[in-house]
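Each chain gets a letter, A, B, C and D, in the order it is written, and its residues are counted from 1.
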Amino acid sequence: MEQSLEQVIQSVFDHVIEYRRDFHKYPEVGWTEFRTASKIARRLSELGYAVELGKSVIRKESRMGLPSELELEAHYERALEQGADTAFLDDLKGGYTGVVGTLKFGEGPVVALRFDIDALKVNECKEDNHFPAKAGFLSINEGVMHSCGHDTHAAIGLGVAEAIVKLGDKHFSAGTLKLVFQPAEEGVRGAKSMVDAGVLDDVDYVISGHMMAMKSGVLVCGAGGFMATTKLDVTYKGLSAHAGAGPQEGKNSMLAACSAVLNLNAIPRHAEGASRVNVGLLQAGSDRNVIAEDSFMKLEIRGETNAINQYVEAYALRIIKSAAQMHDVRFEIQQMGAAPSGKPTQELVSRIQRVSEKLGVFDDIQEWSDDATGSEDFMYMMNHVQDQGGQGAYFIVGSDKVTGHHTSNFDIQEADVIKAVHLYVGLVDDLLA
Amino acid sequence: MEQSLEQVIQSVFDHVIEYRRDFHKYPEVGWTEFRTASKIARRLSELGYAVELGKSVIRKESRMGLPSELELEAHYERALEQGADTAFLDDLKGGYTGVVGTLKFGEGPVVALRFDIDALKVNECKEDNHFPAKAGFLSINEGVMHSCGHDTHAAIGLGVAEAIVKLGDKHFSAGTLKLVFQPAEEGVRGAKSMVDAGVLDDVDYVISGHMMAMKSGVLVCGAGGFMATTKLDVTYKGLSAHAGAGPQEGKNSMLAACSAVLNLNAIPRHAEGASRVNVGLLQAGSDRNVIAEDSFMKLEIRGETNAINQYVEAYALRIIKSAAQMHDVRFEIQQMGAAPSGKPTQELVSRIQRVSEKLGVFDDIQEWSDDATGSEDFMYMMNHVQDQGGQGAYFIVGSDKVTGHHTSNFDIQEADVIKAVHLYVGLVDDLLA
Amino acid sequence: MEQSLEQVIQSVFDHVIEYRRDFHKYPEVGWTEFRTASKIARRLSELGYAVELGKSVIRKESRMGLPSELELEAHYERALEQGADTAFLDDLKGGYTGVVGTLKFGEGPVVALRFDIDALKVNECKEDNHFPAKAGFLSINEGVMHSCGHDTHAAIGLGVAEAIVKLGDKHFSAGTLKLVFQPAEEGVRGAKSMVDAGVLDDVDYVISGHMMAMKSGVLVCGAGGFMATTKLDVTYKGLSAHAGAGPQEGKNSMLAACSAVLNLNAIPRHAEGASRVNVGLLQAGSDRNVIAEDSFMKLEIRGETNAINQYVEAYALRIIKSAAQMHDVRFEIQQMGAAPSGKPTQELVSRIQRVSEKLGVFDDIQEWSDDATGSEDFMYMMNHVQDQGGQGAYFIVGSDKVTGHHTSNFDIQEADVIKAVHLYVGLVDDLLA
Amino acid sequence: MEQSLEQVIQSVFDHVIEYRRDFHKYPEVGWTEFRTASKIARRLSELGYAVELGKSVIRKESRMGLPSELELEAHYERALEQGADTAFLDDLKGGYTGVVGTLKFGEGPVVALRFDIDALKVNECKEDNHFPAKAGFLSINEGVMHSCGHDTHAAIGLGVAEAIVKLGDKHFSAGTLKLVFQPAEEGVRGAKSMVDAGVLDDVDYVISGHMMAMKSGVLVCGAGGFMATTKLDVTYKGLSAHAGAGPQEGKNSMLAACSAVLNLNAIPRHAEGASRVNVGLLQAGSDRNVIAEDSFMKLEIRGETNAINQYVEAYALRIIKSAAQMHDVRFEIQQMGAAPSGKPTQELVSRIQRVSEKLGVFDDIQEWSDDATGSEDFMYMMNHVQDQGGQGAYFIVGSDKVTGHHTSNFDIQEADVIKAVHLYVGLVDDLLA
């Protein structure tokens, strides 16, 4: 006898919490989610999904902000030690930590759900009133923590995977479901490589969401306002010299960097919308009496629209280059991350609102919010599907706030996590049943 | 019967004063010395010198800091009205205001004496205690004044010319005398064009001097310490835009200029000697609510040696160019003047000391001074003659100080002017007799 | 027999055109509208309005961007020569060129209409296809022109004054009408001084409008989006010195100015809305080889809200001051203009829409536009009336575009000018009849 | 029977080498020379010198560039473990690591010899061809090395102490000898605290020297040309904020630092002599998307004369402070080191020349060199003694060069070390015998 949707959701609850706590305990930062991705692949495989991973879903050249070879190897070793599934590990090696599970029911629309899976470089709080401490699933990877809730996102994905299978072929007779597990969302580094690998090419609907520390029971059906952004690392290489005996023999990379910083901040505002530019880190020179040979900057650019972001980026690149030439130093610019702006499809947002109202699990359903001030690389996926005539949306599921995202005692209520599973399954039901 | 050197000097005194007052009354700034040069050419011609002038002694492309066509024409017209000698005026037209008079006695060394003839853009003081006012030879060219004493230099040159002729062929039987009257010394713009025209190519000894407001009776035989220098005008051309409605549509030349100014001042010191860089004038933008389209800078560079000056100049050119590229504006750099550093030949300085001690017209003869902090384009001539194996020197003749050079009530005592004539003639006597 | 509103409007047409052409022929820039204001006072007086002008409607200390004493006197003399009404001239002397005409019908609301009357420093085009040339009323004041249409605003004010009187006491039996003629709107310099003088203290409704070169027949009932702004002049006073002989003896005002310019442009963006900062003019230094003693900057600041404008202004003042201290130069900051942002009262905007729809003189009535990117000092008046519980609005009357505002061949179609008279009278009718 | 001076020098050779190697093996950086100073105090004491150390020879407030409390304690503990002499350790605690040994022979002049004793933060080369590796006395303190030869200076001081005692009271019957062992010469941090403690107040002659990697056999009797210098650490403290969501809420310390860096480099040259300014290290901000809260700079200033150094320092302090105010951040300036310029007394230099010529241990005796481009805090001592009417001198003893000073395989030939002992003893003999 067929179970109701509510019963099915109820039945996967324990697994979702189990996975969530496991991912939380073994957090892995972007492009090193070897253990996490292998576990996901294993589970999808067990559930009967066709699983693709590694280079077939991640385009090598489109990856941004990759750690060094050394770090990749070290984290791979750690994953091995921490119980990664060796059947899948080989494909992930070298930083190809994306996984896609596909379930085909028949002819019909292709629905993709996207879950981001990476952690952050944050030291987790170990005090007793921090729930993961109390419940015994604190991060054991020093200096790494799921302090943005992507542990819940990964677990939600697996919960949805299980629930859909339980609902089964009788329930769904048309269309295809794609569950997209994306690495390296932090720093907006990973989505582009999955888009460029073609993962979204056949998709008609793409949906993603985020657990947000605010208030339990809230659902924002359409979250807009994400700024386009570009993240850059800049290295200046000059020539050292004794500051007393031969300043003229040096090539002063600090003068280049400081000229760049001032002029980057002085890039003219754009009258058509908000823009940002920030050099967040500058390290220049070595010692007091030496002309600064090396300088290094981390910066980011944002624009309310892609055009504004491109305007600022083009200007910034010119400044970075010219500041180097000005002081006769060499320079290297590396793109460490990027995301476009985007706007959820109104029709799909309305559908999310309608579906969520029927589900009855949210107390406070809001149609739309443009309050986002950050950036989200899911916009690459959403734009891509919209460009080929499909629809996309991004929603937010609230959870009572302990502290803000990216802090050491960040937490999401587990009761809210299951609501997100419910919503995703409800949406798939609406789109494919 | 042959006159003694002292008698000859005495006999030219009145002419020297007459010419000095005439040049003072009709001052002409660099490259517009049409009347002055024509008078000099006439006088040299009358005295029997072979006269060359215009393009044969001034290389067109080597002239720096030329006034506009309009100014050249206006000053030419004025020269005509003020009694320029029309026999020579045609050759001078267009800013070729150099004159060289040559007298050949026989085989032997070639001695060149150089006299600079241009005035400055200074309003002359009209008060009674200013000697030119009292004696009735104030400048009648508004805003132009001989406030650096080049009126005396030109007159000294004609005095020397006359005295040498009076001493005559019996006195001099070997060698050649070249009297070089140079335009546009102010701003170090003229000497290079005479060197490049070949005027100094056959010269064995080149000597020049300067009347200096300090103390009458002083002679500095070898004046060194002139810094090498380069004078540049820079124009930045951007694009205007409404600062409120579309700042991003502009190209802000003021940002380029201000970045250039800060970085130019920040060019690293050179450990091997003094350097200077100064942007003395910056005009940027047009109105409060408009992105600055045009900016203009006047700057100068100095170095204790040519190498140091070149180091700063090369660095400055890179900054000027890179600042333009940084803000996507066009730029134009114009060299408005230049002079190398230089060091008088010790042997010739000793000779000047010896000769001057015999003359008995100076009270306080100093062998050497490195106190100069300005620049002097005679260094082009001196370097050139030294490079081809000859000797060069630059001396200073003191005169009781009324005020500093380049001020509106600057004056040189006429009694000291004749001492300079005496010294030059004594030197020619020593070198050629 | 009482005339209909349409008949009355028709009857004042010729006078409106006559005054418009007269004001156009004798344009006067801000604070020098001696002739213009005296003519307005004379006319209001003839029509029976109680007239206040000069210091009673302009607070001395609140005036911004006043011309020099010399200019004020010269323009006063010119006004005398050009037929200013001497009965009123004394009160206007010294730059107190505002006029207020009041007509009281009885108890009831006070309605103020504001008309700005100043011209711009623009050379008027003299070509035949420029209508004022063809019709013989070109500016005779060289370098001054009504190229923003304030000539029409002043004429509209007098047309309204006449029409209201013609409609008479029978038509209006309650309330008070205030016609406010404001000087120095260009550069947002004049409105504050009238608000601070108390002119708006008893006002319940304040309305103003602008003739706009766009398309005849268009009416925008509520124009919002004006940015708050502050206009500043900055003078830096250092100490000159010879750039070669003693750079350390100078105090380099150009270094202060260039540091200020770069840092002003680098003031961080405000996340809550648009901001601007522009240094539009910088003049620094005197000559190539002199350390720059004097520097002068004209700059402006804008903010989407008053709070944003204040944030940028406070930051800018700190930069300007600190840049001076950095290079040990003195500084002086003068506020040359200012205007707040503002939002028309929705109720009054709806009323304007309703009234204008009844009038039948506009083809294309738009309720609202936020497209403004400039600033308008009427916002001082509107904010003031709103703050005391009243209503305010600003509308735009279109006219077929010849060229943009502030250009030398700017023109407004006279047929559209009368439509504005019609609208103002209709509004007074609606508010007071 | 009395030994000859040569015999005495010969007899102390082994001890000198022994001490040199011991100090080299246990190097200690400035203000942490606990072991070194205690060993010196012990030895002086054994030889019969009156020993003063700690706070009686080091003025607390005059110490510059002190390590943190934590570092002082850690190095103290290490000294204890490495055999420091506990009899003296207490007095040295907290960074008072200077020692003075005094020997009084009778009435007469007071002669002070100064030896600096600190090491550098350099990792010593461990390759076999590096002499300390071969001879088995490599530094055992990781990251610390005597790579400027102060190990030899300290050993020379003890060698002189022993030799003088051996020569004995019969040889010396008048005057007083003071052996001054100074901490923290690197970074010019220590000499001032000994001068301010009064160590030099009764001194008539003060002499110091340096072993220099150049050529064995060379002696420069008078080394001048040391520039005055000031070393500063600057901390800027702003406020972090999210660069996307609220840049206006931050206080950007990086903008302050970069403005400071550009303007510091742009401090005008001084016409009377060389100057330098270098920011050698800048660390600003923390992460890409955060407004930089903290910034830190290490800088140094130099001047050919004290006046020039003071001019640059005063200008620099103004810039550092104003840049903070400009961006509303707090600042802290710490003086980490300082030294004046100075000129050895000609008479004493001639004496050194005369004495050294008699000794016959140097092949190439040069009277004078102004080639120094660094700084030396012995100038505090020399100036102080000269100011009170005494004489001072600084000499250089050459040694065949392996590599430059401050490098990881720096070495001084031990045969040259003994020559320095010889010279010092010869000078004391000349001054006191």
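As a working rule, a contact is a pair of C-beta atoms (placed from the backbone, for glycine too) under 8 Å apart; a residue touches a chain by one contact, two chains touch by 3 or more.
These numbers come from a predicted model, not from an experiment.
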{"item": "Chain at maximum distance from subunit A, centres defined as averaged CA atoms", "value": "B"}
{"item": "Pair with more cross-chain C-beta pairs in contact, given A-D and C-D", "value": "A-D"}
{"item": "Centroid spacing, where centroids are CA-atom means, of subunit B and subunit D in whole angstrom", "value": "51"}
{"item": "Between subunit C and subunit D, centroid-to-centroid distance (C-alpha), Å", "value": "70"}
{"item": "Inter-chain centre distance, subunit A versus subunit D - centres from mean C-alpha coordinates, in Å", "value": "54"}
{"item": "Contacts with 2+ other chains: residues of subunit B", "value": "244-247, 252, 255, 259, 262-263, 265-266, 268-269, 271, 276, 291, 373"}
{"item": "In the complex with subunit A, residue positions of subunit D that touch it", "value": "187, 227, 229, 231, 242-247, 252, 254-255, 257-259, 261-262, 265, 276, 278-292, 298-300, 302, 336, 373-375"}
{"item": "In the complex with subunit C, residue positions of subunit D that touch it", "value": "244-248, 250, 252, 255, 259, 262-263, 266, 268-272, 291, 311, 315, 318-319, 321-323, 325-328"}
{"item": "Contact footprint of subunit A on subunit C as seen in their complex", "value": "262-263, 265-266, 268-269, 271, 274-276, 373"}
